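My structure is below; once you've seen it, I'll send some questions.
Chain IDs A, B, C, D and E follow the sequence of writing; residue 1 opens each chain.
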Amino acid sequence: MAEAARVQAPSAQSRDATIVLQAEGLERSFGGVRAVDSMGFTLREGSITGLIGPNGAGKSTVFNLVTGVIKPQAGTVRLFGEDISRLPTYERARRGMIRTFQLSREFGGLTVLENLMLSPQQQLGEKLVPLFSAQRRVHEAEQAVYARALEVMEISRLGDLRDEYASNLSGGQKKLLELARTLMIDCSVILLDEPGAGVNPALMTTLREMILELNKDHGKTFLIVEHDMDLIAALCDPVIVMTEGRHLLEAGFDEIRKDKRVIEAYLGGAHDG
Amino acid sequence: MSAYLISMATYVGFFMILAIALNLQWGMTGMVNFGIAGFYALGAYSSGLLTVKAGWPVGFAMPAAAVVGIAAGALVALLSIRLREDFLAIVTLGFGELIRLIALNEDEITEGPRGLKIDARPFADMFDRTTYPIVYLAMVLAVVALAFFIAERIRRSPMGRSLRAIREDDVVAEVLGKNVLRHRVQVFAIGAGFMGAAGALYAHYVQNISPEVFMPMVAIFIWMSVIVGGAGNNWGLLLGAGIVMAILEGSRFMGDFIDFLDAEKLSAIRVILIGVLLIIILRVRPRGLMPEPRFRYGRSPGGGSSTADAQS
Amino acid sequence: MNMQLFVNGIVNAALIAPPAIAFSLLFGVMRFPNFAIGGYITAGAFAAYAFNVQLGLPLLASAVAAMALTGFIVWLSDIIVFKPMRGHGPVTLLVVSIALTLILEHIIRIIYSAEVRGFDIPLQRPVKFAGIRITYEQMDIIALALAVAVATHLLLRFTNIGKAMRATADNPVLAEVRGINTGLVIGFTWLFCGALFGLTGVLAGLDLVIEPLLGWNLTIPIFAAAILGGIGSPYGAMLGAVMVGMAEELTVLVLPSSYKVGVGFMIIAVLLLARPHGLLGQPEIRK
Amino acid sequence: MADALLKVTDVCAGYGRGDIIHEVSLEAHAGQIATIIGPNGAGKSTVIKTIAGVLRRRTGSIIVDGQEIGGLGASDVARRGVSFVPQEANVFRQLTVTENLQMGAWTDRANYSERLARVHGLFPVLKERATTRAGNLSGGQRQMVAFGMALMVDPQVLLLDEPSAGLSPVMVEQMFDTVREVNATGIAVLMVEQNAIQALRISHHGYVMAAGQIVLADNAANLLDNEEVSELYLGTRA
Amino acid sequence: MSRNITRRTVLKSGAATFAAATMAPAILRAADDINVGSLTPNTGGGGPFGPKITASHKRVVELVNSQGGVLGRQINLTQENSETNPESAVRAADKLINVNGVIGILGTWSSSVTLGIMPKCQEAGVIQMCTSSSADIPVRDEKGLVFNFQALSPVWGRAIASLALRRGFNTFNLMALNNDFTRSMMDGFVEIVGADKVMIDPFYYNGNQSSYRSEVSQLIESNPDAVFIPSYVTDFTAVYKEIFRQGYEGQVITVSISTGSKFKEAVGEAANGIIHGLPVPPISSEAYRQYVEEAELEQMDGVQHPFGTAGRDQMSTLLLAVEKAGTTDTAQVAKAMWDVTTGEGKKTVYNITDGLAAIRAGEEINYSGASSSVEFDAEGMVLGRDFQLAEIKGGADVVIERLEY
């Protein structure tokens, strides 16, 4: 199965594809501890890149730095060649970069449907003036969002839960909702922080299919942090390995699983053959 | 008697405007504002001073008070937007106290503790003494309706949805591309504008304002209104404002029945009663008498309406 | 003058540090800012007044009795008011605590009216050295505040109940899972903090005037000290108390004293804008 | 087979109005590992939280070593020799590593230093970082603290809620090794796992849950071989 | 819950509560009574004084009612708490005017409350009687309906200053509670002693502070002969304790309302040596003696009851004026106020019983009160209140000088 999936994934041959996201020299310490230390990487258009490494290697911090949730102490982030290091988080999102969180962060007080309808960016009805001056157009835009939300619910199998408060969903359903939310958004780069954590194997298949579909059919680029090596093996090429806040190596999964340093620090015995 | 009911209804109107504003800021967006009295005072003094000292016609001064409120609200929001809710509580409380201190100490402008006497009243010369209170009430209710309309339109719109998302988790909202800062500043400013307008209406109604009017206690009453009515529900807080005022004023009449209490004990008992009732209501109906409704979209078959239908 | 203001600031700080520590501890366990501290402190002052003036006990004994009684009142307020409302949002509980402080204040009004009162001990003249004036009473207050700080530190760091308090504040569900009876720990926390509020009532009664608004007047400085120190951190609260105490005194050097209250607020605002989580508070990063 | 150390019979529990788990019955035996697997939302965590007393059971009985503990609160359950490691927020972040371990020994402070030595033996890193605040540790080290805390008493029953969640592969292996080691001392282990295959490999018994009920109970090896189970709950990897 | 029901609920509950609360007492009230309102500070800054004013109002009304009322009608007294706060006082006044239909609102104490309710009272033609000292009061009374039983505060300041000068003090510092009453008092004080004798600019502090240390340090830094601190009792007690603790050995001068028996109890022996002044009831007067008896107070040397006595005088003069005017029309009652209080060659009465009897006997009367002889100027401000400076010695007030008018 893992073999089969990897054939479907965009292969490492597309090395010359456009660079979508590029980070250089990212640095960030917390209370004297270097969480991220001159970390850099590039994402190529249409790739699904894995980011793995031991707990505490700084993977989530990299996400936070790239999306602007935390400000880096040094380093630059470029999205489609544009330096976005100084932009606020929402501006980065509007330029097409969306992320999920390791522990699901749904809007608990909103229903599933609302969580989805909320997601499209720059909705006309979110602006104060059109709300009172162009109500008709706001209404039409809202209709379109509604229709799209229904589609997405269909795809993500959340239809039965449409009017349920998101806080009442189970852990796996929340993960699904987070991913479904990104489907609502017209974005080009999706950063997933442990999409598989807490998701049972069956649901994992759905998740994997959704990611592949988004990647192949919609051309979205992914960066995925994950501990589930099956998921990484099935989806990701290349894979970046981080330890102690640094970029250790980047290669295809096959190469990585044979790398001594990686086995020692991260993979352990289960995957060495 | 009816004159009293009319004037109480007018006071309830002031409370309602303030409560709608607080609901917008806190109930819908999650921004704690304990400085209500400050924005209220700012509106009252702006309109009062513009008519008394600058000679503006009241028809210009009152809208100007709303504008001053909006500006101050935007400023406070911009400065303190990253604060946690309990910290925002103390910063806004401090803002309210600062406004009161300025009104108290800059007596060259504000007349300080002796209070500002305001003669100007809108449309006063068009009506006689007995009908004018009704006219004023109508004016206040018109502003309540306007505030309600604006707040309700926002609440049911995609903007309202974003605001509630920000209330739930501002970081995720931002990651999803919502301009959290803009939303918050806008909403806080609109709310503060309502508060300013309420202040102006109050000032020209009582015609005498002094810093002591704008003690933090005002904020507490409005908080009670919103919490008792149901945070996030604009209908609920209208009810809440009515109830709080009814308790405040209704308890005055206890003295007419209970003879053996002296005035001091009676007023203490009134306050105790208000406190106990508040605690009981919150115990029995923790989300208020009318909780925020669940939003359901376009359920009616064929109706195709995608506007939120906020019925529960 | 400036040295005197410095001493004034220290005395202020000594007065608000113990309740700020208690407020912080309580916040740590209960997770909401309890505005009822005003009512608690006033109750403490009047309790001590009753023991000292009405029953004729010596001040020291009255203080101890007042601490015990206030601890009990504060604990009772939890049982009656807050315990049934666990799990409600912090703002709701904050409003409830305001209601509670109004209730306490007015019960005291019914019993004692709004007259000013004082303890049955003579006022002291200061000792002077190096141009500084300070009374023995004020030195006692400072020493007591330090003792409270050290005792709280020792309690939290080295005793089982103190560690259990920290554990419960940190993660109540896990504390329960590890076999800690969090109900008891929370009860003890209320009692302990209540005793500190009682002590504050006594000290404030000595320093200011015993009247129904006594505690309310102290509420904002205490709140400010706790917030400055990073709410929920008792050590920060001590530091916060010193800063607030100093800020209030030094204000007169730059502004009319009628702006004193407001300037305290402004300093808080500026500090919070620079460090949104307080001086010693840690920002929380969620994954 | 000897009587089960932990015997859960027909337990219903849930939050708010509705039940999340319905009439769940299961057993854990001394010196054996039992694992609950199943899809998300099936109620696995709810079962384990109900046994631990974090959530009160509504009906049914929970018997540990012959004594009914259903209806007791978490701290009383802990005193009956049941040690629970929650999935998230399972350390006291503000306390040092050693203080965390002291909290682990809250219900039984006898032999404290021996047990501390034992936990240090299992997780040497906890000795190195004795005075570090648990909140400043990495995820894997925090998991060790959580585990270590649970072992600071001599529990009869160890309840683990997804012990491998969020751990890197090498850490997952270590974690399961430790579970096996602890179990070998005669403790009954009941755990909930997403990482079903690895978990079942070290388990004696397995339970499959779906929609709040136990739908299948068998010994672990049989479950691993069961085609239906692998398709539904283990992924289509085989 | 549907929206319609919701809306109805709002209207229903609001209207019903108000109606229920407000109608009942209106029904209970006999139509023929004369309604009088008492709006006193029972809580807030005036809390220590309000209850005494209220009690005086009540005593006079009960006395009159037991003797058959005024104009043959019973007096119906309604009491409200101003909370020393204009925001709630305005609503209380609203209720007194519109529900209770009072002809006068008596007993307001702080200037902000008196001024705050004035627009409402003026509009409704309701008489106001107060013990407030703001110089704005006569200015804003356009209809001649306001009577002030307290000397305006500049007068206080000037009187205390001249008495202090006679004691030979040369340098002064001034600090005052931040309100209108004390502000104009400081102005009056400075006017008399001369700005050159004031060492630092007079300044204000706010009440309800958690400490007054820095203010006191500032006040005594230059070690003046005397400090003058117009204040209320609550803040003054805290301020004085601090002055004492900071070792100031010059003279402390304040207003007597801050140094009542409770103050002396609260600070103990340290109170000795304070000099305080205020417009005093003519303590040698018959009316004052009667008041002390009525109120069951102990006769004291000092001046302990400035507001209780004023309350007695307010209610007495109002009812006398009603009797005199023969109507409850407020404009006429207001005019009659001067008739019964001011003017020479009339029969002096010291209480309402005698006054009513004299009026009914057709005599012209001049009510001489417990708070002052109660003479009004053309603006309704009390004239010629006795003024006295006392020193606290051995825990009691010893009169050191008196200004009599």
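Some points to look at:
The criterion applied here is as follows: a residue touches a chain if its C-beta (ideal position, glycine included) is under 8 Å from a C-beta of that chain, and two chains touch if they have at least 3 such contacts.
Note that this is a predicted model, so its numbers are computed, not measured.
Counting hops only between chains that touch, subunit C reaches subunit E in a minimum of 1. By the document's definition of touch, common neighbours of subunit B and subunit E comprise C. When C-beta pairs in contact are tallied for every pair of chains, the largest tally goes to B-E.
Comparing the centres of all chains, each the average of its CA atoms, the largest separation from subunit B belongs to D. Note: centroid distance subunit A to subunit C, computed from Cα atoms, is 47 Å. If you average the CA atoms of subunit A and of subunit D, the two centres end up 31 Å from each other.
With centres defined as mean CA coordinates, subunit D is found 52 Å away from subunit B.
For subunit A, residues that reach two or more other chains under the stated contact definition are 101-103, 105.
Each of residues 109, 113-114, 220, 256, 258, 261, 286 in subunit C touches at least two other chains. Residues of subunit D in contact with two or more other chains: none. Within the complex formed with subunit A, the subunit D residues making contact are 37-41, 88, 136-141, 162, 165-174, 194, 196, 198, 232-237.
Across the complex, subunit E is touched by residues 1, 4-5, 8, 11-12, 15-16, 109, 113-118, 120-126, 128, 133, 135, 137-138, 207-213, 216-218, 220-221, 248-252, 256-258, 260-261 of subunit C. Across the interface of their complex, subunit D is touched by residues 1-2, 31, 33, 52-56, 102-103, 169-173, 175, 194, 197-205, 227, 229-230, 264-271 of subunit A. For subunit D in complex with subunit C, the residues that touch the partner chain are 52-54, 73-75, 78-79, 84, 86, 89-95, 99, 102-104, 106-107, 149, 153.
Put simply, subunit E touches subunit B in their complex at residues 1-3, 6-7, 9-10, 13-14, 17-26, 28, 38, 40, 42-43, 47, 50-51, 54-55, 78-81, 83-88, 90-92, 94-95, 97-99, 110-112, 115-120, 123, 134, 136, 140, 178-180, 183, 204, 206.
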